[in-house]
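Structures for review follow.
In the two assemblies presented below, subunit A is common to both, partnered first by subunit B and then by subunit C.
And now, the complex of A and B:
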């Protein structure tokens, strides 16, 4: 019971890191996807490279680089910030691809109708394409959000006192290590299950509004 | 709206040419459409009918040529400014084969949003206009519905209402009934007949020969990226001058 409570202490930090990095990712992915679709070749190539770089290196390596490797003047990341920034950037790269696929899935006719009516480029994108693409992106984005919740456990390697970090500590000081990890598993399931429900509910809701 | 002959046709195309790679889809096409008239564009598939139609509102950019709509002259080679493009699209409404209503917006919002954004109309004004147009196309009861819930014929009539809400000078129809079952096509054609009777300038790419014969003032036959014959619909249908026209008409009649 003590072990269980000790592990629960990590829940707010796990949620904080996962939610913050997801939010950063969801927002930063917007300029990334616009750049990926840009007519300016240089911009497109640079951002393409950046996205592939972010996705091509394991999260744990990014966290080490950010936590131990970045020092500008007196500035250094604390462990929680390093985790949020690292996971946030990876989320941005991943979600940019999700957005890109969603935008591509919108039929050409939607662009054409919007252009023919006389909507500007900005209006076409923001009023016609983006709202439809967002609905398409939603299931993949929430699935990624759930994965991110679990991946935030990697932050334990740089000393963030989230669920897995506390579980390891309990397991070391406790006779039954396995028990602690099973508790951790149950806690993660309890956190991700409602997210899965939310995701399916949102998806069904949007589907109902759009398709016959 | 007056249907008397004006010095300048409502739409005038000169030497419009377009190639996709080596394939010439439009070969120096000239076309005049008088104000208040209906032009039917017919011809075998691949003739360039849709491409020509889409060049009129620059949904397709010709390689060379001149496009005049409502007196505004656009020469493609000289480049076209965003302002000119906006002006052109304000003058020209378009209806697509696949309707292309915005599925995330209600029927009412499909019709009001462009009015508010493009013409700067107030919400009340846009709504009043939308309701009037919905009544005109026989769908007053569907304002709150989403497009996905409607039949193809209903969607197409709403697409027509959406385009009309912007008070275009010219309406382009790109095979408006080709994606529809015959009886649903009829309700769309009925709306188009009314529109023609009201004096709207219309250019219609169609395979509906009956409609072309009954409603159009000018029949234009295309093949291989050229206009091979044009003129009085009844005359061309009775006595086609060009061999390709003869072939096409008999193929359509045999269907």
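And now, the complex of A and C:
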């Protein structure tokens, strides 16, 4: 019971890191996806490379680079900021791909119809395509949110005192390490469960209403 | 200096690839077993299998890894760090690939096994020779995508002292204080494996879904 409570102490920090990095990702992904769809080849190639690199290098390597590798003058990331910035950038790369797929799922005819009605490319995108694409993207974005919640456990490696960090500490001082890790697993599953339900509900409510 | 680091980093990379290979070699067949249990005729088997799969998918890979290495000894089961790494990642692989394989199997039209039955195929033969080959076509891109994920997840074995790529980079960093450079080289080594497979998956997806467009 004591172990359970000690692990629960890490829940707010886990949620804080997951939520902040998700928010950063959701916002930064917007300019990324615009660049990925840009007509300027140089911009497209550079951002494509950046997105692939963010997704192609393991999360823990990014966190190490930010935490141990970056020191500009006296500036160093503390462990929580390194975790939020690192996970936020990786989330941006993944969510840019989610947005891109969502935009592609809107039928070509809508662009053509808007053009025929005299909408500019920019207003077609922001007034007609983007609102629908957002609804298509919501379920996948939520599913990615679950993955991000679980990946936030990697922040324990750079010393963030979230769920897994506290579990390690408990497992070391406690007789039954197995019990502590089972508790940690159950806590993560309990935290992702409502998100899973949300994703399924959004899928039924929004995606099918737009695309099917 | 990068030249000096390369032998250590290369042998770390080899170990990372070896762990990922083991996890896939054991995990994917196990995933097929889970998938068939999830689709079982018996409700009790089905429910038990779903629970196991959902726990495997719901718990972070890092938790499963440390559970095997730091947790199991308290139950009297002790694995060395390398064994713990592939045991844990195989379980995670099995849980995730079982859902990919199930989706692939269920996407094969029900008329196919029915026709096979009418032609005198046994249930096992129809599954093995008719349904599974078609299911694998659907499942191949997401399976390869997952293979990239599990290769990247081998970096978590750093936390249980497996001398894989990241551990090598970290120990070079802590002795030379050139963290940024050595971590960047290690990151690029992960990337040169992951990114081309990612491109291949994207192309494969396009080709296999060409008939849908």
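The rule we apply is simple: the second predicted complex is superposed on the first by the 206 of 212 C-alpha atoms of A that agree within 3 Å, B and C clash if a C-alpha of one lies under 4 Å from a C-alpha of the other, contacts with A are read in each partner's own complex, and residues count from 1 in each chain.
One rule holds in what follows: a residue touches a chain if its C-beta (ideal position, glycine included) is under 8 Å from a C-beta of that chain, and two chains touch if they have at least 3 such contacts.
Computed from a predicted model, the values in this text were never measured in an experiment.
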| item | value |
| --- | --- |
| Larger contact residue set on subunit A - subunit B or subunit C | C |
| Which of subunit B and subunit C A:127 touches, first, second, both or neither | first |
| Subunit B versus subunit C as contact partner of A:119, first or second or both or neither | first |
| First (subunit B), second (subunit C), both or neither touched by A:9 | neither |
| Subunit B versus subunit C as contact partner of A:135, first or second or both or neither | first |
| Contacts of A:197 with subunit B and subunit C, given as first, second, both or neither | neither |
| Subunit B versus subunit C as contact partner of A:45, first or second or both or neither | neither |
| Which of subunit B and subunit C A:182 touches, first, second, both or neither | second |
| First (subunit B), second (subunit C), both or neither touched by A:110 | first |
| Residues of subunit A at both interfaces, subunit B in one complex, subunit C in the other | none |
| Residue numbers on subunit C that touch subunit A, as the complex places them | 54-55, 58-64, 66-67, 70-75, 148, 152-153, 155-156, 158-159, 166, 169-170, 173, 179-180, 183-184, 186-188, 190-191, 194-195, 198 |
| In the complex with subunit A, residue positions of subunit B that touch it | 57, 59, 86, 89-90, 92-94, 96, 98, 100-104, 113-114, 117-118, 146, 148-150, 159, 162-163, 166 |
| In the complex, subunit A residues that touch subunit C | 52-53, 55-62, 64-65, 68-70, 150-151, 153-154, 156-157, 164, 167-168, 171-172, 175-182, 184-185, 188-189, 192-193 |
| Residues on subunit A engaged by subunit B in the complex (per definition of touch) | 107, 109-110, 112-120, 123, 127-128, 131-132, 135, 209-212 |
